[in-house]
Amino acid sequence: MDYVWLIPVLPLLSFLIILFTRPVIYKKAGIVGTLFSGAAFVGALIVLFSHLENGNFLVEGNWLSIHALTLTVGLEVNPLNALMLVIVTLVSFLVHMYSMGYMADDERFATFFGYLGLFTFSMTALVLSPNLLQIYFFWELVGVCSFLLVGFYFYKPEAKAAAKKAFIVTRIGDVGLLVAIFLLYWQTGTLELDGIFSAAEAGELTPAMITLTAILIFVGAVGKSGQFPLHTWLPDAMEGPTPVSALIHAATMVAAGVYLVAVMFPLFTASDVAMMTVAITGGVTAVFAATIALVQNDIKRILAYSTISQLGYMMLALGTAGYTAAVFHLTTHAFFKALLFLAAGSVIHAAHEQNIHKLGGLGKKLKGTALLFLIGSLAIAGFPLFSGFFSKDEILASAFSNGSYILFGLALLTAFLTAFYMFRLYFLVFSGERERNEEIKESPRTMLIPMMVLAVLAVFSGFIHTHWFGTFLGDWLETTPYPVLFSSIDAPYWIMILASALSIGGIALAWFMYAKQSIPRNWLYGSMKEVHHVLYRKYYVDELYRTVFVKGLYALSYFWSYFDRFIVEGGATAVKGLVSQLGKTGVKVQSGQVQTYSAVAFSGLVLVLLVIAALGGYFQ
Amino acid sequence: MSSIPLSAYLVTALLLFCMGLYGALTKRNAVIVLISIELMLNAVNVNLVAFAKYGVGASIRGQVFSLFTITVAAAEAAVGLAILIALYRNRATVNVDEMNTLKK
Amino acid sequence: MTGLLSILVFSPLLGIILLAILSPESHLVKRIGTLATALPLLLAIVVYSLFERGVEGIQFQETVTWFEMMTSISPNEPYIISYELGVTGLSVLFLFLTSLITFLASFAVHRITSGTKGFFILFLALELGMLGVFSSENLFLFFLFFEVTLVSTFLLLGRWGGFHKERAAFSFLIYNGIGSVLLLIVIITLFVELHTTNITEITSMLKDTDSFEFLSYNMRMWMLVLLLFAFGTKLPIVPLHSWMVRVHVEAPIALVMIHAGVLLKIGAYGLIRFGGGFFPEQLQDIALVLAILGLINLLYGAFIAFVQTELRALLAYSSISHMGIVLLGLASFNSVGVQGAIFQTISHGLIAALLFLLIGVLLDRFGTTRISELGGIASQTPLFAGFFLAAGLASLGLPGMSGFISEFLAFLGLFESMPVIGAIGVLGIILTAVYILRAVLAVTFGERRPSFDRKMDLSATEVASSAVLLILIIWIGVYPAILSNTLRTIGIGG
Amino acid sequence: MNMSTLMQYNWGSMMPEFIILITAVTISLIDLFTTKKSRTMLVWFALAGVGLATIFLFLQLDDGVVSILGETFRLDSFAKAFKLLMLIGTGFVLLLGLPSKDDLKDVKGEYYYLILTALLGGMMMASSADLITLFVGLELLSLSSYILVGIRKTNHFANEAAFKYLVNGGIATAITLFGMSYVYGLSGETNLYAIQSAMASDIVSDNRFLIVFAFLMIFIGLIFKIAAAPFHMWAPDVYQGAETPVTAFLSVVSKTAGFAIILRLLMVPFVFAPGTGKVITPEGMSFESLLVSVRPYIAIIAILTIIIGNIIALRQLNAKRLFAYSSIAHAGYILIPFAALSEMVFEVVWFYLLAYLLMNLGAFAVIHAVTKEREDVTIASFAGMFRRSPFIAITMTIFLLSLAGIPFTAGFIGKFEIFMSALGTEPKRYFLTAAMLLGTVLSYVYYFGLFVQMYFRPSDKKPITISAGVTAVLTITATATLVIGIFPSTALTFIQEYFQFMEVFNQ
């Protein structure tokens, strides 16, 4: 336990080593990175097990103290972040390994691994933070890593734009979090979690303040987890290398939003409004993203929208007090979504093509990949006994038991849509026949092994929390040091059946449309052109933002810069002109006529005399 | 003892002064300008002498003063004329309006 | 260690003399010039290390009576002016900052093509002035050194500046001239009333209540307003900023490094030390005004920076925006906010210096700082791109770099006293990200341009100097106690 | 007044005047009987005279107030202080006139003794305690300088300048005299101290408007000498037309004399005179002091002078005209302590005049050096000065900095004291301060504009050769400017030790 600090430090070391020896080690960077992240993973496992034995752990020290203000740094291990730690390090380790193959022929190979190391460091450190400032600190750092990796192909204009967008949009959310931090500090006098929670329990915060801060924090989460309305950056972020999408934009960083809400759960549960906001945002996002995913053509973008939708699912869970459900789904989703991305990556690696309509019939050539992808799809679709099945069921249950049937309905709809678009994707890519001239071959072992590991987890990770064999995860999570509210869920069984029915139904529909083709593929396009269009253009959100915010910003900026040039500088110039004009007149008066000079002098005298006579009262 | 009050002298002097000033400021002929200045100085003399006779604590000082003034005025006139001649030699004019080469 | 400060302040003289006797053509000029700036740096480090942290009051104090003025009517109460040096935790940091940035900037001087000797002489004179400003314990002395910086900057700018150098030089002169004269008025008013110009004495005299008999509340308010104008011109506070943009655009890079890195900070230093130190009550009463001004600076600068097409102008406006945070921190009027303001001045000093150092490289290699003419240079000059990106991130307040903790403290302080303004202010954080990324990415990212192939990347010296700055930036960002320990005794009013 | 009374006067106290007089006379005699060639020695002669006079003045520094010739001639600290300035100034001017090898031909004997007579007039103005002697001194100075201005007989610029100077001067004198005549009329006295005591009488307070008018007429007439608005307009033309050393003399020595007479003639007699305004005191209604009631008008004149001088200077291209306006502005600055009725008025004025003497003479010396090669010196003829003659450039830099009031120069300390005098009085004179502030900043533009010429502009011209005299002047003035700027105590303690300015008031 006392060596927890090693877990963030190891990846940091790999980053530094690679940074400084970049020219030298070049290809070996991959090995270095993988080894260090592997070590971190081992460490995480040790931490996990030692936590199972001897419970929570917290160590703190002073970071900065100014007069009254004291800011601390520290490391904390509790069920939630022990779990996150394992997920992060594991996925990171696997992605490292995978990248050795995927990025093999990229000239900035070493740099890539450096960035991965930095990200792993920031993410693990974020997870281990016991206070809000530290969380924010690394919250921003992971954001930067994501920015760097999205913009990894810096010479591609799309990548450049995407990176910028990713950073700025998330930053909008971050500012919300920052404000929440400021408010909480002046309300509670501390930034440490337990301090805040105890203050909240002791009623030091007004309900309004609790609601406000909670919602502000949620804004931060919305930004990071690509929830509506700040979701627009995530699909674009797919411009980055695929392993990055798997690690950052599927498994770990985007989940940080959910993680944050989970961490601050006691604060949220203290305010129904906040909870409602979270639930609704989550539910809406889930359906919203799922519908968009129905009609997209880019393999990675479909996965991105599915990620958004799944994160929405988790938020929905949290909003409906399903703490365990959310964390559970976070875990399983990390595995199967990472798997899906890596599989997609292997497809792209093989076929150099991302448009699913141009792909197809790859099932024959890429047997391994196809199988793995299938597993992933089943898991996410919530096919019975796959991991996704259990976690989704948990969420549906919590939504139902929370009693808001609209949200429940949204959840169900999402479940069906998810199953459908995932298998649309699967069938379009792998099933069917297609003649290709170019040679397509299976990815190297370094890429397959990580996927296999994930596949195994995607299948079996569901069993860590079932109502049949035992709710190990839930029970363990309840040992958290914080006053988290665990709602006892007693969901009727028909929910589970309904859920499986929906998922199978979705799969079937997809099969009929895209594999067996008994239903025309483009019936939606044919029947409801407008709907299809709206979905295809992602509800025109990007267009809206571009016109409102981007254009608005330009307008304002130009206005002020003209103001600066013409009013501010113009004013200065005017004064200057006035003075020199005075000078001109002065020179004119200096006519060279001696008598003018004396006349001026004399009139001056007369003036003075008149004035003093008038003021002094000589004329009375 | 004449019964002319002091004020009469003073007014005369004032008028004299103003005439002188008027001449000095308006006349185009440099010589006249110089003469007008003399006029102003003489106005002062009238004042001084009047005060010396009828003024408060009338004393000889005023007349002494006026003697000095007259002398200085003479010197000033001399210098003025000298300069004027030099000017005339170079510019062949005594018109004040044309003495405006120094300006700007 | 008495006399140490004097040695530090006047150490640039050595270089000036050496250079003066050197022939302009001599190849030694550059080397001696740089060495001459190294000497003050060493001394500053010595002072910094000998400085006792957490000890109240002035350290390294030196006092020599300089001259006294007597009036024949009241000869028994003379006006005495003495040569007094001394440092507080605040000024010792600035001394270090000054000497460091000057040293690093001296490498940029090597690119000057004509009259290197003269440049170095004035450059050292400028350093002397700045060191003097930060180590004077006496308003009179402060003013003298302040003017030295004024004149030397004017000459440097007017002789070695860009195309509109003389216009820039004169607008610099006029704005700062007015500022300095206003400062002089305040100094003299205090002097004739209190018969001293010693900063500590004045502070204590103004504290005791019976001083209100001869310095009424309103008068103090007026003096504070004058100070606000005087130092606000330096800072600069909108709308007194147009000179500063010109200087940033026209001045030679070495000078801009100094200007953005240190000279602007004199404004902040003065406001904190004198505005806050002498007239705390009045400052508190106009805190709201100050905050609004800060807000305007922050957003105004950010908005305009967003549409600049020229990197130096962009950075100028970004400086304005960042100085807004200083004002906000000051306006918060609690120790946290004020410390934030101080942090921000130091950190922005380092960041601005780094950014302009890189801009200098840009000018040297690509001959332009117009964003439109650059792009994709990360392909050819990865090191430059890396440092530029890092500097940009630092400037937009990335945690782990000095910018973040400064902004954090400033806003934290502000949120206690005026949350609404703080809430508006945080928009600035977003805008900063927007314009910085726009600029940095436009220059480094993008398609590779063949015309830029064979452009040389950072040289060893350039890497070294950038690295030094970056390390300091990160150090402060990761371990801010390094500053706060030195500033422990510094409250509102330095 | 018989011989014995004449003999028992302490003639020693007039020693400097006598020396100057004798030198002047001897020079004029020598001038009659020598050829052009051997006239260079005249300069040395004149210099020797001035030097000797200065030495004697120093010897007098310690003895107290002496007044002889029936209280008409008075030797007090005030007189000594201003005489000292004038002597030094004249010394420098003579040094400037020191001919270098090439221009022996235009050495004129009269130039030297006229300068000396002018100086003599100035000294009389400084130390006479009677309207009559004051007036004579004034006129002696004026007449000599009229001729000095026009000394280049064949140059029509010189003639014109001289004529303009004369006409303006004549009118100014007349106005002053007119005022004086009323002062005499109301007091019946010509001795300043007698007038001072007579001012308390009822007749005066009955005709107090008359006395105020008289005061203002005298004042307006006298500001002609210091070239303050509205009597400033002659200065640029005359400065431009006259030979540079003469210009220097006018702008420094004659101006010093002007301030001397203004301070003495306006402060001593009128210090107890009744003004226009009434003040209600516990022991009944009385009139405020005249100086108080005219203060606003003096202030307005000072402000006008500063503004006009600086603003018009901004647009000057001819160097001499530029410095004419700059010296107008400086006259305005020096009027401030007087307008503020500061308790330190004498110290401040004297110190500033000292600083002004050094920096302005230096500047004119530079102009003189540049004039040598071409007739009219424009701003442009300073272009690239630093390359052509670093010595001139650097000394000029010092003078300009001092004139602009930048620290470490005498000018700064002077301005500092003036600000103190304006802000140190109750109530504080904010308008005067503001005007001076504005003027200072405006003046930066044209002073630093010369830097632009000297350092930034390229030059194709050859280096400048300067005469020994100019070199000497430049070196001394520049050094002194710096020394007084960095160690003001040198001058300040000198004042405190030797000059008890308050002597000027008591009998």
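Letters A, B, C and D mark the chains in the order given here, with residues in each chain numbered from 1 onward.
Just so it is clear, a contact is a pair of C-beta atoms (placed from the backbone, for glycine too) under 8 Å apart; a residue touches a chain by one contact, two chains touch by 3 or more.
Nothing here was measured: the structure is a model prediction, and the numbers come from that model.
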Remotest chain, chain B as reference, centres from CA atoms: A
Chain nearest the overall C-alpha centroid of the shown protein atoms: C
Gap in Å, rounded to a whole number, between the CA centres of chain D and chain C: 44
Centroid spacing, where centroids are CA-atom means, of chain A and chain D in whole angstrom: 79
Chain B and chain C, separation of their C-alpha mean positions in angstrom: 65
Distance from the mean Cα position of chain B to that of chain A, given in whole angstrom: 97
Multi-partner residues of chain B (each touching 2 or more other chains): 21, 24, 33, 99, 101-104
Shared-contact residues (touching 2 or more other chains) in chain D: 163-164, 167, 171, 175, 236-237
Sites on chain C at which at least two other chains make contact: none
All touching chain pairs, where touch follows the definition stated at the start: A-B, A-C, A-D, B-D, C-D
Chain A partner contacts - residues on chain B that touch it in the complex: 21, 24-26, 33, 96-97, 99-104
Residues of chain D that touch chain B when the two form their complex: 131-132, 135-136, 139, 142-143, 146-147, 150, 153-157, 159-164, 166-167, 170-171, 173-175, 177-178, 180-182, 184-190, 198, 201, 203, 236-237, 240-241, 318, 321
Chain B residues within the chain D interface of the complex: 13, 17, 20-21, 24, 30, 33-34, 37, 40-41, 43-44, 47-48, 50-51, 55-59, 61-62, 64-65, 68-69, 72, 75-76, 79-80, 82-84, 86-87, 89-91, 99, 101-104
Interface residues, chain A side, partner chain B - complex: 587, 590-595, 598-599, 602
Chain D-touching residues of chain C, taken from the complex the two chains share: 66-75, 79, 143-144, 147-148, 150-151, 154-155, 158-159, 165-166, 169-170, 173-174, 177-178, 181-182, 184-185, 188-189, 191-192
